[in-house]
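Structures incoming, each one as C-alpha cells.
Two complexes, one shared chain (chain A), two partners (chain B, chain C).
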Partner chain A sequence: MSLFWSVIRQLAEIEAMATSKKVITREEWEKKLNDVKIQKEDMNKLVMNFLVTEGFVDAAEKFRMESGTEPDIDLATITDRMAVKKAVQSGNVEDAIEKVNDLNPEILDTNPQLFFHLQQQRLIELIRNGKVEEALEFAQEELAPRGEENQSFLEELERTVSLLAFEDVKNSPVGDLLDISQRLKTASEVNAAILTSQSHEKDPKLPGLLRMLLWAQNQLDEKAVYPRITDLSTATLQDPSV
Partner chain B sequence: MVNDPEQINQQQDLVGSYFLELWRLKSKSAAVSFAKHFEDEELEEEGEDVPTELDTLNSSGGFSIVLRDKLSVQYPSVNLHGHDVGVVQANCPAPVKRLVYYFEMHVKNAGAKGHVAIGFTTEGFNMRRQPGAPLLLAALREILPCLALPGWEANSYGYHGDDGLLYRGQGKGEAFGPTYTTGDTVGGGINYASNKLFFTKNGQVVGTVDKDVKGRLYPTIAVHSQNEEVSVNFGKDPFLFDTKAYEATERARQHVLIESMSIPQEESYGIVRSYLQHYGYEETLNVFDVANQSSVPSIPVADHNGFNEHAMYALNHRKILRKLIKDGEIDAAFSNLHQWYPKTVEEDTSAISLMLHCQKFIELVRAERLEEAMDYGRTRFEKFYSFTQYEDLVKDCAALLAYEEPKKSSVGYLLGEWQRENVADAVNAMILSTNPEMKDHRSCLHSYLERLLRQLTACFLEKRLLNGNQGEAFHLRRVLLAKNP
Partner chain C sequence: MPGSASSIHCPEGLIERLRSAAENGGEAKLKVLRELKNQIIGNRTKKLSYINLGALPFVVSILSSASSSSSSSDSLLVQCAATIGSFACGVDSGVKAVLDAGAFPHLMNLLSHSNEKIVDAGARALKMIYQSKVAPKYDFFQEKEMDILISLLDKNNEYLTGLGASIITHSCETKDEQKILGDAGILKKLVDLLEGTTSQRDAYMESFATIIKGNPQVILKSVGPENGRMWGNLLELTKDRYSRTRLLACMCLILIKNAVPSYLQSVGVRTKLISILLELIDDSGQVGDETLFTLSSFIENEEGLQKLAFEVNTIEKLCDHMQKELLQPKRLEGIFMVLANLCSNLESCRSVLLQSPKLQAINIITDGLSHTTVDVRVAACICLKNISRSVKYLSAGQFMTEAVIIPLIQLLYDSSTSVQVAALCAISNLVVDFTMHKSLFVQSGCVKRLVELSKSTDLSVRLNAVWALRNLMFLVDSRCKEGIFLELRALTLTSLMSDPSACVQEQALGLICNLVNGSVDSIEYVFAENGFLLSAIGRQLWSASKPEILIQGMYVFCNVASGKEFHKEAVMHQILPGSSNDDNQSIMVTMLQSNDARLRTAAVWTIINLTIPTGPGALARVVKLKNAGIVSQLRNMANDSCLDVKLRVRTALGQSLTFGNFST
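Let's turn to the complex of A and B:
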C-alpha cells in the first residue's frame, strides 16, 4: 500500500475513533460480502420484473427463453399497455383514450384525475398544432365542466388555455406544458393506472432496491466506517475515507 | 492481464470452487444443514422463542399470585407476608428479530388501589434469589420510597394504572398517558426499527419512549394491592390493538424515507444491461438495446458502453454455450469449449470438468438412457473419486441410478433447471476469466446487480449487528414478494 493510502487509512481510523464509530477494513468487509448468499433465481426475477413493468415486452419474451424465468404478468397485456403509452408519447391522445377504454373502461371511470390529465394533454396537442378554435371549443365543452367540480383542475385548465395568450409560447411561464416531459408525465400516469388495474405494482422493484441500498448505507454511516458503494453504475467499493 | 499459467490455474480454481460451493448448498448432504437455512432464512423469526405464559418460578409471589392458567395474576385479598409487590415476568424475553413485538394486559379488577402496571424488564433478574428487588420497581418504590436496592438497573419501563405515569429505571414517574382501571386493556410494544417502546390503552397508542437498553427485555406486569386481578395476552387471542396496521404504518414511514433517496432513472437500465452482459443473455440484451434506442426519448444507457468491465467479451460464445447447456447438449458444449477456450477444460480433473461430466450423466438419466449413464459414470467418475472435495457431489449423481423415480428422490434437485443453470453460469464465469482485460479477479463471479445486492444485505446485517442483533433482517425474497404501496 502506498504511503498516501496508509495515511488516508490512519486518518479515517482517527476520525472514526473520535466519533466512536466501528471501523471495518476492506478485507473484513469483503469477507462479510462473500458470506452473503444471493440466489440467481431471485436476480432473474428482479430483472424480469423490471422488463415487464417498464414494458419491454420483446426483451421480457427473450429473457423468459434465455433464463427460464417466468414473468409475473401476462406478456400480452404489456403490448396493449405499451400501445397506450406510445400513443400519449407521440401526441395521439384520443387514440390513447380509446385504447384504455378498450382495455378496461373502469380505469378512466374510477380515475377522474387521470381522465382530466389526458383531456388536458389533448388540449395541449391541439394548441401545439395551431388548432386554436378547436382547442377553445374543446376546453369549454369538455374541460370546463370538470374544472367546476375540482379547484385544482380549474387552475390547470386556466394555465393550459393561457398557452394561447403568448406569442412566444416556448419562453412563456407555461412553456413547460409544451415540453416533451409533459407528454412523458401523462404517459407514465396512464401506464401506472393500467398496471394498478391489473393488480400489478406500478413501479419496478429494482430502483426501489437501489434507493434502499443508498438509505441502508446512510444508516450504517452513523455507526460504522466501512467500504461504501457510491457509484451504483460501477458497483465498486470505495475505501473508507475521511 | 492474466497470462501467467500459474495465475490462470489459480483463477480457474477460484471460479470452479465457487460454483461447486453453490452446488453443494443445494446438495443432499447440505439439505439438512445449511441449504435448509438458506431456503428458510426468511422464517428466521419463527425460530425465535416467544413469550407464551407467565413465569411462575422466577417471579415475586410465584404460584401464590399467578393463577393456574399462567396467564392471570391475582393479588390475594389478605396481606401477603413479604410479598408486597407482585412483579411477574413472561417465561422468556421478547423476540428481537422482527419489526415489532407486542403484548396486552387486561385489568379484570383494579382492586383496592389500582396499582397495576405493564412494561418491560431486563434479564438477570431473579426474584427468588433477591426477594424484594423487583425490576418494575417503581411500584415498590411507592411503598418503600427510600429503599436502596442492590442490583437495581436503570433498565426497566413501566406504565402505571393508578397515575398514568411512566416509570423508567430509577427515575421518577414522568407524565405519559391516561390512567387505566377495571375493564381496560393496555398493551406494551417494542418497535425495533425506531428503537422505541410504546404503550397502548384500549387499542390506541398513548405514548412512546426511547428504548435505551441493549439487552433482552421481558414483558412484565405488576400488581400490588388487595384484590387486583389482571390477565395477559401474548398473542393467543386477538389483540385489541391493531398490530398489523401499526407495522404497516412503520413500514410506510421507512418507505417514505427510502423513496426520498434519489437515483438517476437510467441507473436501473444500466444495471439491467450489465446483468444481461454478465450472464451472456445476448438476445435479451439486443432486443433491450433496440427498444431503448427507439423509445421516446431514447434512454442514454446504450451510449456508454464498456461500463461493465467485461462488456461484450465473448458474448456470443457465452450465449451459445449457455443455450447448449440449458438444452442438455453437454457433448456439444464440451467440444465448443475445447475449440474456443481450450485452457478452461485442459485440466481433466478440474471443478469445471467435473460439473460438465456430472451434467452429461444427469442428462442421460433424464433421457432414461440408464445403461449409457452407468457406462459413462464408470469411465468418467473414476478419476474424480480420489478427490475428497468432490466426493459428496459425485455420490449425489451416482445415487440417481438407485431410484425408479429419481425426480422425486432426495437427489431429485439434480434434474431441476437450477442445476443446468449453475453449470451454465460456471462455464460463463470460466470464459469471462479468460478475458485479458479483466482487472478484478472476482469480477467474473458476480454481476454488478449481485454486488449491489450483497452490499445492501451486508449493510442491513451490519446495522443489526451493531444494534445488539435486534430488528428485522433484510431478505431479497421478501422484497420480491412484497406488494409495495
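Let's turn to the complex of A and C:
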C-alpha cells in the first residue's frame, strides 16, 4: 500500500477518534484504518494537482496518460510557466521577463512588488558577473525609479544598491542576496503570480493535508495514546509507548 | 542577451527605429515593438517618457496598417495590442495618449478576429483603457452599442466578459442608464457569470454594484427575493479567500439592502455581514479603508443595525484601531464615520465611548478636529455632534472643556465651508449645555463669529449658525445673554426673520423666543430701538404660511405676554387686526382654527397669558378679544381633540369668564 494511502487513512481515522483518552494498540489501530474508505480518484487528483502546481510537465503528462486523470489546467501553460521559472533560476532574468510578458502582459504591469524583485534580481546577476559599470547604470536607470514610484520599496532598494559598495560582496552584510536561495525566492514569486493570473491556486493541496495530519495528531495526543506517523517521508506507524 | 542594454541608455534610439519601422515596415516592426513593450511593462517612468517622445502615434500606425493588411502576422497584432494596453495600464496620461492616437477603433476591431490570442490581447488593452476615468463614455442608449456590450457578456471568454463589466462600471452613471441596463437583462447575466470560477469576479461585482446603486426600481424589477441564485452566489462570495472579493460581495448585498430594506431582513445574515466587515477592517490597505465606509453606509439609517453592530463589539474594535500609530487620513475618516453612525441614536454606544479609559477615544476624535485633511475634520465634527446628543453627559458638562471647545471654534474659521457647517452643527449641540459653562463660548469671540456666519451667502452655513445661536441663547444666564445680544443687535435679528429661506426664519424666531425667555427683564430686548423688532415679528406672523414659523412667532408673543402690562398691551396691538383692515380676522383666530394642534396650542397659551385676571388692563383685553371673535372661537374648542389644547382652552375660558358672562 502506498505511503500516501497510509497518510490519508491515518488522518481520517484520527479525526474520527478524537473523543476519549485511552491506549490504542497497533492491532486495533490498523483494524480501524482498514475500515476507512478512500477513493483512488481523489488521490490521483491530489497527485496531479501537486505535479501541475510545482510545474513537472512531463511527469504530469505521463501521469495523465497512465492514470487517466485530467489536470485542471492546460498542460501547455505549465510549459510556459516552467520556462519562466527556469530562466530565473539560471539567472537569466531579462529572458524571464520577456517570457512573462509574452504569457500575460498584465502580470508585471499590475504587480509592482514582483516587478521590483525581478529588477532587483537583474542587478544582483550583473554584480555577480562582475559587470560593475553596467550594474551602476542599471541601478540608476531601472531601480531608482521603482523607489520613486513606490516608497515601500526604498528600504529593500537601499539594501540591494549597497551591494555595489563592497569589495568582497559575498562576505558583506548583504551577501545573502547573492545566494542561490534569492534566485529561488524570486522564481517562486513569479510562479505564484502566473498561477494566480490563471485563477489557479498557487499552493498545491498536498502540503496542506500533511500539515492537517500533524496538527490532528497533536490534538489527539492530548486524549489518547496510539500509533503515530512521525516520519512523513516513510509514513510508517510507530508503536504506541506503553 | 538581446540588444536591450543599448536601449536603456538611448530611448531616442528606439523611437527612431520605431518611426522607421512604422514608415518603412518590414521585419523590424515586430522586433522593435516587442522591445518597447518589454521596456514599459511595469515601468511607469518609462511609459511617461516614451509618451512624451511621441511613441504612441507610431505604434497605432503600425497597428492600423497591420489590421488592414491580410498578410501581416498575428503576432504583430498581439504585440501592438499588448504595447498599447501597457501604455494605458494605470497611467491616465497614457490612456489619453492612446485615445488621442486613435487606437480605440482598431482595438475594437480586434475583438472580432478569428485568432483567440488576438481577441484576448485586444480585450485586455481595452479593459485597461476602461479602468481609467478618462476613457470614452459608452452610450448605452445606442442600440448598436448595447448589442456589442451584450455580445461581450455572452461570450465564453473571460477577457471579453471582463471588458464588458469594466465598460459598465466606467460609464453607467445616471438612473436612466441603470434602468436601461437593468431592462436589458444585464443583471441576470452578471449573476450567471458570478457562478463560475473566474478571475473576473471582482469586475462582475463592481459592475453589478454600479447598476443597482441607489436605484430601488432596478432592483425591484430585476432582482427579487425569489432570485435564490443571486443571493446564494453573493453570500458564498462573502467567504471567498480574497479579501477584495469578500468586500465587494458585502458591498453588493448592502447596496441591495439600502435600496430595498425588506430584502435583507434576516438577523443572522445581517450579523454575519457585520462580522465579515469587522474582520476585513484588519486589512491594512485600500480594502480596509473601503470596508469602513461600507460598514458606515450599512448601519447609517437603521437603529436596529446599529444595535447589532454594537452587540458584536464594533466600538471596542474601532477604538483599538484608532490607537494605532500613523493612521492614514482615509482610514481615520472611515473610523470616525462608523462611530458617528453608531452614536447617532444609541445612548449605549455614546456611553461606551465616553467611558473609555482616560477619555482616549474622545481625545483622538478631538485631535481629528485639527487634522490636515478636510474630510477627517468634517468626520470628527459629525462624530462629536452625534456623541453630544447624550443628554446625560451634556448635562454633566462633559463637553464644555477647552480641549473640545477651542478647536471647534477654530473650525468656524476653516477654509472649507463643509467643515464650517459640520462644526456649527456640533457647536449647536454642545451649547445646549445646562451648566454655566456657556460663558466659555461667549468669551472666546465665538458669538461674533457666529453672527458673521449668520450673514453668509451659503444657506447651510447661515442656517446652522442661527441654529447654534438659538441653542446658545437657550436658558443662558442674563450676563451672557446681554453679551450675545450686543453682538447680535435687533437689526440682525430682523433681517434674519425675513431671510429668503423659511428654515432660517424659523430658527431666527426660535432664537428670539429663547431671548425673551427667562426673567421679565429679558422681554425688554424685543422692545429695543422703539420696538420695531416686535412689529417685525408681528408682520412675519401675519404673512407666514409655514407652520413652524407661526409656532415660533406665537411663542415669542406668548413669552412677551407673560410680562408686565405694557408688554401684554404691545402683544394685543400685534395680534388684533389694525384699523385699516377691519375685515381681516385676527391671526389668533386663524391659528385657533388650524388643523395643526401645535398652532392651536401656541395660540391658546398666548391668550392665557393675556387674560390673566390680575392686572388693571385684563378686563379691557378680554373685551377686545371677544370683539375680535376669539372668545367664541375658544368656546367651539372646549372639546378639542388634542388634550393639551382642550385643557388650555378651558383655562382661558375660565379666566375670561371671571369678568362676567358676555353672552350676546
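Keep this in mind: the second predicted complex is superposed on the first by the 217 of 242 C-alpha atoms of A that agree within 3 Å, B and C clash if a C-alpha of one lies under 4 Å from a C-alpha of the other, contacts with A are read in each partner's own complex, and residues count from 1 in each chain.
Just so we're on the same page, a residue touches a chain if its C-beta (ideal position, glycine included) is under 8 Å from a C-beta of that chain, and two chains touch if they have at least 3 such contacts.
Everything numeric here is computed off the predicted structure, so don't read it as measured data.
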Room on chain A for both chain B and chain C (clash or fit)
clash
Chain B or chain C, by number of chain A residues touched
B
May I ask you to decide whether A:223 touches chain B, chain C, both, or neither, giving the answer as first, second, both or neither?
first
Based on the superposed arrangement, let me know which partner A:110 touches: chain B (first), chain C (second), both, or neither?
second
Partner chain in contact with A:66 - chain B first, chain C second, else both or neither
first
With both complexes overlaid on chain A, does A:49 touch chain B (first), chain C (second), both or neither?
first
Going by the contact rule set out at the top, does A:132 touch chain B (first), chain C (second), both, or neither?
neither
Which partner chains sit in contact with A:41 here, chain B, chain C, both or neither? Use first/second/both/neither.
first
Clash-bearing segment of chain B, relative to chain C, as chosen among 201-209, 255-263, 327-335 or 453-461:
201-209
Complex interface listing, chain B residues touching chain A
25, 38, 257-259, 261-263, 265, 267-268, 270-272, 275-276, 279, 281-284, 287-288, 290-291, 296-297, 307, 319, 322-323, 326, 417-418, 421-422, 425, 447-463, 466-467, 474, 476-477, 479-480, 483-484
Give every residue of chain A touching chain B within the complex, in rising order.
22, 24, 29, 32-33, 36-43, 45-47, 49-51, 56, 58-59, 61-63, 65-68, 86, 89-90, 180, 184, 201, 203-220, 223-224, 226, 229, 232-235, 237
Residue ranges of chain C in contact with chain A within the complex
1-2, 4-5, 8-9, 34, 37-38, 41-46, 82, 85-86, 89-90, 124, 197-199
Parts of chain A lying in touch with chain C, wherever the complex brings them together
94-95, 97-98, 101, 105-106, 108-112, 115, 134, 137-138, 141-142, 145, 148-149, 197-199
